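Two complexes, one shared chain (chain A), two partners (chain B, chain C).
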Partner chain A sequence: MPRAVKGVFVECDPSIKSLVLNIDAKSHNVVIADLDDEHLVIDERQVDNVKRQLDAQLAENTFNPAELENNPEK
Partner chain B sequence: MSSQSGSRPVRAATKRTRAVYDPNEDDEVADLSDDYYSNDSAPTCDEDEDEEYTTRTKVPALSLRVKPPPKAKTSTAVVTNRASTTTESSIDGLSRVFGRADFSYLSLKPDHASRPLWINPIDGRIILESYSPLAEQAQDFLVTIAEPISRPSYIHEYKLTPYSLYAAVSVGLETKDIISVLNRLSKVAVPQNIVEFIESCTVSYGKVKLVLKHNRYFVESPHADTLQMLLKDPEIGPLRIEGEDYNNNSTTIVEGLVKEKAPSMGELTIPGTNRKDGANANSAAAGTSGNAAGDGKQQTVEDLFSSVVGLNNDEEEDDDMDAVHSFEVHSSSIETVKKRCQEIDYPVLEEYDFRNDARNATLDIDLKPSTQIRPYQEKSLSKMFGNGRARSGIIVLPCGAGKTLVGITAACTIKKSVIVLCTSSVSVMQWRQQFLQWCTIQPENIAVFTSENKEKFRGDAGLVVSTYSMVANTRNRSYDSQKMMDFLTSREWGFIILDEVHVVPAAMFRRVVTTIAAHTKLGLTATLVREDDKIDDLNFLIGPKLYEANWMDLANKGHIANVQCAEVWCPMTTEFYSEYLKESSRKRRLLYIMNPKKFQACQFLINYHEKRGDKIIVFSDNVYALQAYATKLKKFFIYGGTPQAERMNILQNFQLNPDVNTIFLSKVGDTSIDLPEATCLIQISSHYGSRRQEAQRLGRILRAKRRNDEGFNAFFYSLVSKDTQEMYYSTKRQAFLVDQGYAFKVITHLQGMEKLPDLAYASVAERRELLQSVLLQNEDAAGIERGDDADNFVGRDSGYVKPSAAKKAKRTAGSLASLAGGDDMAYVEYNKSKNKDKTRNPLIKKLYYSKKKA
Partner chain C sequence: MAVPQFRTSINEYLEGLPETVLMRLYSSPATCLAIFRLQPPMAHLFIMTMLFNEKPLPISWIDSWVQDSSRLKQHEALEKLRSMHIIHETMDSISLQKTFRNSLRKAITGGDSNNSFGVPCDTEDKHKVDIKFLDEHANAQWELILHYMVGTGSGRVPNNGVLQLLKRSGLMEGHPPAPMRITNAGFQFLLQDVKAQIWTLLLQYLNMSEDLQMDAVEVLHFLFMLGSLELGQDYSLSALSPTQKIMLDDLRDYGLVYQRKSSSRRFYPTRLATTLTSDAPVVLTASASMDSAMARADGESGFVILETNFKVYAFTDSPLQIAVLNLFVHLKSRFANMVTGQITRESVRKALVNGITADQIVTYLTVHAHPQMRKAVPLLPPTVVDQIKLWQLELERMKTVEGYLFSDFKNGHEYDVLANYARELGVLVWENRSKGLFFVTKEGNQQIVDYYKRKIQGLK
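== the complex of A and B ==
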């Protein structure tokens, strides 16, 4: 019997897709279908979670000039 | 009136639609504000609406720096009315946004538009509008009293710090002058706490000087009461000695203090500054005609500046102001005096009255008549020799702006024995050669002290060039170098030049500064930043920062090249990125450096710039990547392990051979290699977030030979893999250059890159292959090359590499037997039974010996 799952279609850069796949690798409950390099379908309930994790991971790679003033020895 | 009030709701309604933030809440907001008006402001409702808004909400038009368009203003007014019903604390809608930094309470001066400074009363930051006609003078003044933080094109930021004020005092500025000039330039009255801060920093600093003149040490101060206080001090007082007067004409003795005329620039001229030949006169004339465009007010300000900054003011001031007081102390008690002064918060400044030093022999050195120094070099030197004596300190000039010449000119001014310390033996030879090129010193008076050369100069005075590691070495020395060190430590030096001061560890500096007795210390550097924040130590070890040049200014005047900076974002390919996410942090490094897209971008840029006729240097910190890139693209590369002869060969080809337009360099190229041909830099990997490395690398193209060609631009590309750690480092690295006014363009896509013929790694299969080979590398490959650059070179004991090792190989004829040592030796076994004595592991014994028996 066919089963219907509600999903959200995501279009993103290849690198962001890799990040999403990486998030999925831990719990296997995020990605419903991996379509191609730039497109995915993910579980609707996980959207907020994915957004939050992506934000956190991308923030790691962003330099904030205020950091330099606060602890210059870093 | 009735008609007006009747029309009011309509007008309010039209306003309301503009004012609200969220269209859905339109009605609600409007209703609230209308209620508010009708309750509160009924008596005044017949006045004009707009006016009413502004007066009642007390939006002081002047205090709003960012003036919103009138519509926006009404909108804020409406919103605050809402807020003020609840809190009643905020004055206008924007103050909330500024938080603690809301300075609307400071009142602007009436003519604030013509004054260029804002002063932040909280942290002493000063904002300069550098488009103001007064900006140039204001800059000179600010560089003297404050630390330049950021200097892009239109708005500069400076910061008052204790160190910067200390430096200002040491070049002869007085507290009241600093405050009065600040007041003149500032749009608002100088805040009281800033005045207090300046006073507290300058009241004790620099008031007392320790001057060496006529071979005697004097404690000197323009304030007699300060000296009286020192004399009453239980430790310093007894150390005073009553010497006989050395100069009867100009001194008087009052209350035990010697009073005399203050030192002045007088007849001292810094060589190379008196330019009288045609070309320079022309350029000077062009400069003044440009200035003459300014009005008369500017003239008066200029006068004010010259009198305050103290460049040429000595004739006019009356004698009373100029008098200084001093008492003599014995040379043996200097350390005590210095220490005691530090304790009681009156740190002494050391000055060297070299013109009156007869004990140390004069060195016959002068700039060649053809040598001309540039205006900013002159300015920096005038800070150093401001009152006719030499002060110790640091001069900061960008790479390629002629730091060496500043050092040489200073040496020619002092004309005493000089010692120059630099970071590597390559720069030792460069300094020596520069001295010979620019000034009249005889080659036999220059001695070089490196591990290969240990010569002394003949005669009483001379010049020694050496490296920090040679002088600061604490391990055993060879006999020769020990003798040389004894020679260095036994003499008194007039002047010590410390090149690239930012690289040397503080401990090593302390050792150098204490072992070599020099009267004046001059530190030279381009980038006074350290990631480990040890810069502050330099203030006390060498002296205050005397001068810091503005990079943009020098570039505009053509002293250094104009550079276009760009950050090229290279997306990671999917397969590389998924590996990146899995790997440890060190291996990640290798993955983002070896990103095939980055490789393609590099190839494309090389191709593009070679066609334009540029000479390109590609920098990579990572040796594995360096080799991979260079071999794939069939270019020459130099890294730490490249033999000296091959290096010279490659560099010469790069300079002269039109077929070699690109070379790859590892960290070894960061500082010491001087290539004026290079016009384009591509950076593929770098030392994490090192701001200094970024600046030093940029320095490689600042001295580009073609910089004075019409419309010439040098190019600086930084290739960054997107969505990786590299983005973070890249932004951090750029911070220093951005503060110097460089703008980094971000290139997200290189037009036409895909169409490049024989583009590397264009197919998926090739990329997979590359990924495999990268993954096979162990973590060490991801590391950074060790040794051989300035950072690692200084201060590490193993840093020295003998470049001439190859020459020492001998070629001899011989047989294989002789190579194996079979010629003159016979195999003899002594004491054969010795083996049996060895204790063996019981297990082996059991296994082996039992078997043997069986």
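== the complex of A and C ==
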């Protein structure tokens, strides 16, 4: 009898995937199955959480000129 | 699937109706014909074979007509028909719903006594109008609404019914008669083509009519009837129900029908109405009319300078232009005749989240580039254009699909049988045979489980 597990299928770059695995490493409740380099299955309750954390991580890596003007010291 | 947007939305509305309402809808031949026209081609084939066949059709026949490579389309077509209760299904056969069959037969062979296709006037109109006049009238009425939305009208305000509708559909906000403001949804609405705009408003009208205790069935009958009328022909009001006469007043405001006076006993459908359920294009496109509206408001077309360092200088004092720029530019200072700002990741993301696309932003900047910038080739700095597109890609970094992961198959054969079936249905998202894993969409899961029970357990 085959088994069916509910989840959300994610397709992304290897770089994004490693960030997701990183998030999972902290709590161990995100990733259900690691399929291959660009695909994995994650818990549906964690999707919004993962997207939020990804956004935050990517925002850290971008240059924001508006912020620079407000705090010239930085 | 390249199904035009407006079709999906009216179909979705119909699919959401309860069975009893649909049965009443199907009593009108004109409505059945319009619904027939809205179905995919494969569904046309199924309906036509069943139409004059008194006996139910064995499902195995349908299976044999469709090539294996097109199972997906067959599945979609049957699903559509099922959700609109057009077909009755038993274990191994299907048949057309009786009311629908009778009405569609009448629509095709004639013999309709309900006047559902409208009643042409039998007396000559003393003030007869031609098609050119109707086109102009329809354009003028529709553009009046668009101009009012972008605030570039000639000061004429559409009727109260239109204002209520714009507000209800979330395209504008504020309290009439105080001036209303266009919303983000409104800006996107302006970028759609006319037919999509009309359906957007008409679907809102349907929702609103239910609150006003108007019968949705009669409203739909009337809309579908309009779609089957002939352009340039005058029709009599005598066959319309009281509800439909009230509707006529509203549709006149949108430019879908023309009446010389509200007390007139005849009406003319315009091109906006007669193309409602067909594929024929409508004469004017909305973005063209918006461009002309913008150009006219400004006097000259270009006023935006975009520099390679993402800085934007816009020579305008029109609140509308500034509002549009504010959708995707981080505005910094405002002077008597210009505003300055900067395109940033945040400002573009805000626009993208609101549903504006990178291409729309680039098109807007191109169309409104200052004459000074027209000397440069390419017109816009490539760095900025690329970056805007990259920001859009960034938002789509993760593609997610809800569904179920299948694993632990007994052997390769079991995997193949199930994976092939999932592929035929078009619900297979990802597979890897050597790992013995595949992923199907949420909708497909139940069918796979049913299939497994039928095929594999049934064999034992």
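By our rule, the second predicted complex is superposed on the first by the 70 of 74 C-alpha atoms of A that agree within 3 Å, B and C clash if a C-alpha of one lies under 4 Å from a C-alpha of the other, contacts with A are read in each partner's own complex, and residues count from 1 in each chain.
As a working rule, contacts are C-beta pairs under 8 Å (C-beta built on N, C-alpha and C of every residue); 3 or more make two chains touch, one makes a residue touch a chain.
The shown structure was predicted, so the numbers you read here are calculated from the model rather than taken from an experiment.
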item: Residue contacts on chain A - larger count, chain B or chain C; value: C
item: Touched partner set for A:R3, first chain B, second chain C, both or neither; value: second
item: Which superposed partner A:E60 touches (first chain B, second chain C, both, neither); value: first
item: Partner chain(s) touched by A:L21 [first = chain B, second = chain C, both, neither]; value: first
item: Partner chain(s) touched by A:D37 [first = chain B, second = chain C, both, neither]; value: first
item: Touched partner set for A:D13, first chain B, second chain C, both or neither; value: both
item: Contacts of A:K51 with chain B and chain C, given as first, second, both or neither; value: second
item: Chain C-contacting residues of chain A that also contact chain B; value: 13, 16, 58, 62, 65
item: Touching residues (chain side chain C, partner chain A) in the complex; value: 310, 330, 342, 344-346, 394, 397-410, 414, 418, 429-430, 432, 435, 437, 439, 445, 448-449, 452
item: In the complex with chain C, residue positions of chain A that touch it; value: 1-13, 16, 32-33, 35-36, 39, 41, 44, 47, 50-51, 54, 58, 62, 64-66
item: Complex contacts: residues of chain A adjacent to chain B; value: 13-19, 21-22, 37, 58, 60-63, 65, 68, 72-74
item: Residues of chain B defined as touching chain A within the complex; value: 531-533, 571-574, 577-578, 580-582, 689, 722-732, 735
